[in-house]
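Which chain is which? They are A, B and C, in the order written, and residues in each are numbered from 1.
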Amino acid sequence: MSSPDGTAPPDRPDGTAAEEPKIEDLVHEDAGTTPQFGGLASEHADHEAAQPAAEVMTESGVEAAGTTATTETDGKLDLGPVGHLGDRLFGGLARGSGGLVVLIVAFVGIFLLALAIPALVDDKSNFLFSRIWEPGGDQPRFGIAALFYTTVISSIIAMLIAVPIAIGVALFVTYYAPKRLAAPVAHAVDLLAAVPSIIYGLWGILFFAPILRPVINGLSTALGWIPLFEKPPGDNVGVVFTASVVLAIMILPVVTAISREIFAQTPTTHREGALALGATRWEMIRLSVLPYGRSGVVSASMLGLGRALGETVAVLIILSVPNGNDPWNSSIFAGGETFASKIANNAAEFDSPEKTGAYIAAGLVLFVVTFLVNSAARIIVDRSTPGTKRPRRNRRTRAAEGASA
Amino acid sequence: MAKRIEVSGLNVYYGDFKAVEDVSMTVEPRSVTAFIGPSGCGKSTFLRTLNRMHEVIPGARVEGKVMLDQQDLYASGIDPVAVRRVVGMVFQRPNPFPTMSIFDNVASGLKLNGVKDKKKLTEVVEKSLHGANLWNEVKDRLDKPGAGLSGGQQQRLCIARAIAVEPEVILMDEPCSALDPISTLAIEDLIEKLKDRFTVVIVTHNMQQAARVSDQTAFFNLAATGKPGRLIEMAPTKQIFSNPAEKATEDYITGRFG
Amino acid sequence: MTAIAENTPAYDGKVLDLTGKSGARAFKNTLATVLIVLAFAVAMIPLLWILWTVVSKGYHLLLSADWWSQSQRGITVRRAGGGAYHAIMGTLIMALITALVAVPIAILGAVYLVEYGKGTRAAKVVSFMIDILTGVPSIVAALFVYAVWITVFGFNRVGFAVSLSLVLLMLPVVLRSTEEMLKLVPDELREASYALGVPKWKTILKVVVPTAFGGIITGVMLGLARVMGETAPLLILVGYSKNINLNPFNGFMGALPTMINQDRTELALPNAADRVWAAALTLILLVLALNLLARLIARFSTIKSK
């Protein structure tokens, strides 16, 4: 019944000593480190040596067992608990740290709320919709409408400027730049992320703002009929628009780095599929790279937006604080204050709990907005198909970079 | 050295899923026992229950008994960590510790369990490397990273690491599936030699390999995907390959399925 | 066989046109290339400009030994002289304390997430909290510490308070990067260690963490680089001191960002401007050194094959 395959003896029946040396030879060739001469003889010596060695090892094994838990008594092995104290201690420390993180965050939240609520209760104006900021005194009146507006509009403009450029740079690095140029360019863009924000602020107001003046004038002349672009009198460069452009430069590295990684991960099969159809380089990118990376780019943009929302010092340096008597101006060519710059600007005012509470309430709103934006980024990543694969691949690439010389 | 394993009525579950059903067998000491069968039949899962390595996977649990001579490995008061010190394991892909030298890799089992005596470690490392047929190839570069060896050498390094702690039993989970034919032959020779001192259990996809190296062969199979794997037949290797008792075994080894 | 041959047109030897694409497609391709190269150029301009500004205006003060060994004690805005020793030390001390507090919690927390809590509800809660912490703007972290340290406990504004708020910023960065590195350690290594009868905690300490060590240190360095440049907490939580103060628990403390901030309104005065740019350059160099160190460690740490 059985076919030749089954009945035929295996090609090398077990225990055929005659074939032994031949295989030893093969082993040697494979290893390639043992000198060829006398290879056979030494290997046989090895075999002979192995038996007595086993005996010696038994002894040393038992000796060693004295220090480990594998003591043999009456042929029964000691298989009782081992090293559980260490596991309990170390595991406890690790769990404790996890718990500590939860505690810290809960503590931050509760604390900020506890200080903000009394101030909010005393607030004589509408906290969400009022533009007035006069905390402290008998009749504290403060609202976040103006801060919210400036914060959001400056960050959104920053994102609108940064994202297209970031996509361009990412595509340049991944698919356009010559190999020799790609890595230095990538590093150079990363370098932008290493520059502390206070330096961006200084450079922005001193050197960059003056060259933005003609841009501001041009835009306001052309689009001045829209309130958003209406230029107030005076020659102020410390305006929302300037802050936005500097913020754009600051978030550029973040958005570029993430987009770059995703673009680079577009499966070769997708790209070659497009090229094999006769697509040009741009068509290949439009057909395979951009669809693959879309969700990643969106989430990168959200992360950039989150950064811009919370940025403090650069905005603080650039934005000129409007005079208290001036009417509020919605134009991006006017000065203003964001949540972060307002808080930092008035650190000296934290003299009474009521005033501090007002600023903390503002800080909480900023925190909530940032958190929502960051969560949106995360949700987008988790939902999309290529995106879900992305983080793990990212890690792998990074580790590969880390591990390889 | 070398103990008998007796398994009776063993079921393995991953959460609610029953992966292996009702396995009973005896593995003889100082012999090589091969587990064969199609992918997903639970042979690797079953192998891992012999040193409680399956417990690394959350939700995995067993019912039944695994006796190592007179001791039930699943009795209360038995620590899986202690079990693994006496039942060693070699994995599918060679996995030397990348941060350690060849020497430290072999010594790792003793070192991590608290042996500090340098002289003893040197002794054990040399003997284990001899035992794994690797000494001649690496004796001049013991301080070099283990990851720098070829795949076959790495696997023999892993075997040296496993025998350095002097286990009673060595389990091998498809030890040659990631290796080229020549390295495979080297490992097979080594298995031949290991059975003089240890009880060896090997899972393999390669039927010729099972036929070449093992004394006993156990055939695992599953009725359908999603059903638990079962032990179909266990017999001396020669008998399994020449005159199997079960039709399913014969179909499998003649290549009619799987 | 012959049937197929009959249906096949005879070999005609015609030359195909392989010279290019149709006009519109070629134009689009060229346009895209131009735009992308342009984007790259636009991105490079501010980088080079900022670096040029800071280096050209700041480098000469850095060449003097005084810059690295003297403080600004008794030096008024208009006068030249003095150095940044007080600010460099302040920045380093605060960063060091931050790291000492944040790194152990971060690494152990990551060990919890990857090794102990994997897949449990508790781990998901911890992970979510870290997400929240990641989004905390530095000014909010500073406000929180202000609320606890000064409003509630009534302590003074000191360097340690700054460190506390920086911990909030550094912790999630280091924890996440450590977590990712630990996840990269193949399970096979853990299994190999377990199979040798090594307990879990020793497996983590002696096998898993050493394997991921380079990556973990890189994460720590990058986290440090990030908090060193933070200015907002310094503005709120510690006053700027021109004198050398190495005690983080008592008195105001100099730091490079606040040293820049101190004189930034007096940039019309050449000596003040020199100091500002020199301090900026020093800060960039510090941060850059940490970044480079991180890369170097990442490169040479893990023993790799071949």
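Remarks
We adopt the following convention: contacts are C-beta pairs under 8 Å (C-beta built on N, C-alpha and C of every residue); 3 or more make two chains touch, one makes a residue touch a chain.
Every value quoted in this text rests on a predicted model; they were computed, and no experiment measured them.
By number of C-beta pairs in contact, the leading pair of chains is A-C.
The most distant chain from chain B is C, comparing centres defined as mean Cα coordinates. With each centre defined as the average position of its C-alpha atoms, the distance from chain B to chain C rounds to 46 Å. One simple way to say how far apart two chains are is to compare their mean CA positions; for chain A and chain B this gives 41 Å. Each chain gets a centre from the mean of its Cα atoms; for chain A and chain C, those two points are 11 Å apart.
Annotation for chain A: residues 68, 70, 82-84 touch two or more other chains. Residues of chain C found to touch two or more other chains are 197, 199-200, 202, 302, 304. Residue numbers of chain B whose C-beta contacts span two or more other chains: 81-83, 85-86, 113.
On the side of chain B, the complex with chain C involves touching residues 51, 53, 56, 58, 81-86, 88-89, 91, 93, 95-100, 108-109, 112-113, 145, 147-148, 158, 161-162, 165.
Considering their complex, residues 68, 70, 82-84, 86-87, 89-91, 93-102, 104-106, 108, 111-112, 115, 164-169, 171-173, 176-177, 185, 188-192, 194-200, 202-203, 206-208, 249, 252, 256, 278, 280-283, 285, 306, 309-313, 317, 339-340, 343-344, 347, 350, 353, 356, 359-360, 363-364, 366-367, 370-371, 373-375, 378, 392, 395-396, 398-399, 401-405 of chain A touch chain C. On the chain C side of its complex with chain A, the touching residues are 21, 25-26, 28-29, 31-33, 35-40, 42-44, 46-47, 49-51, 53-54, 104-106, 108-109, 111-113, 115-117, 122-123, 125-126, 129-141, 143-144, 146-148, 150-152, 168, 171, 175, 180-181, 183-184, 197, 199-202, 204-205, 214-215, 218, 225, 228-232, 235-236, 257, 260-261, 264, 267, 276, 280, 283-284, 287-288, 291, 298-302, 304.
On chain A, the positions that touch chain B within their shared complex are 1-3, 5-7, 9-15, 20, 23-24, 26-27, 29-31, 33-34, 42-43, 46-47, 49-51, 53-54, 56-58, 60-61, 63-64, 67-70, 75-84.
Listed in rising order, the residues of chain B touching chain A in the complex are 1, 68-71, 73, 77-79, 81-83, 85-86, 110, 113-115, 120, 123-124, 127-128, 130-131, 133, 135-138, 140, 150, 152-153, 166, 168, 182-183, 185-186, 189, 192-193, 196-197, 208, 211-215, 237, 241-242, 244, 250, 253-255.
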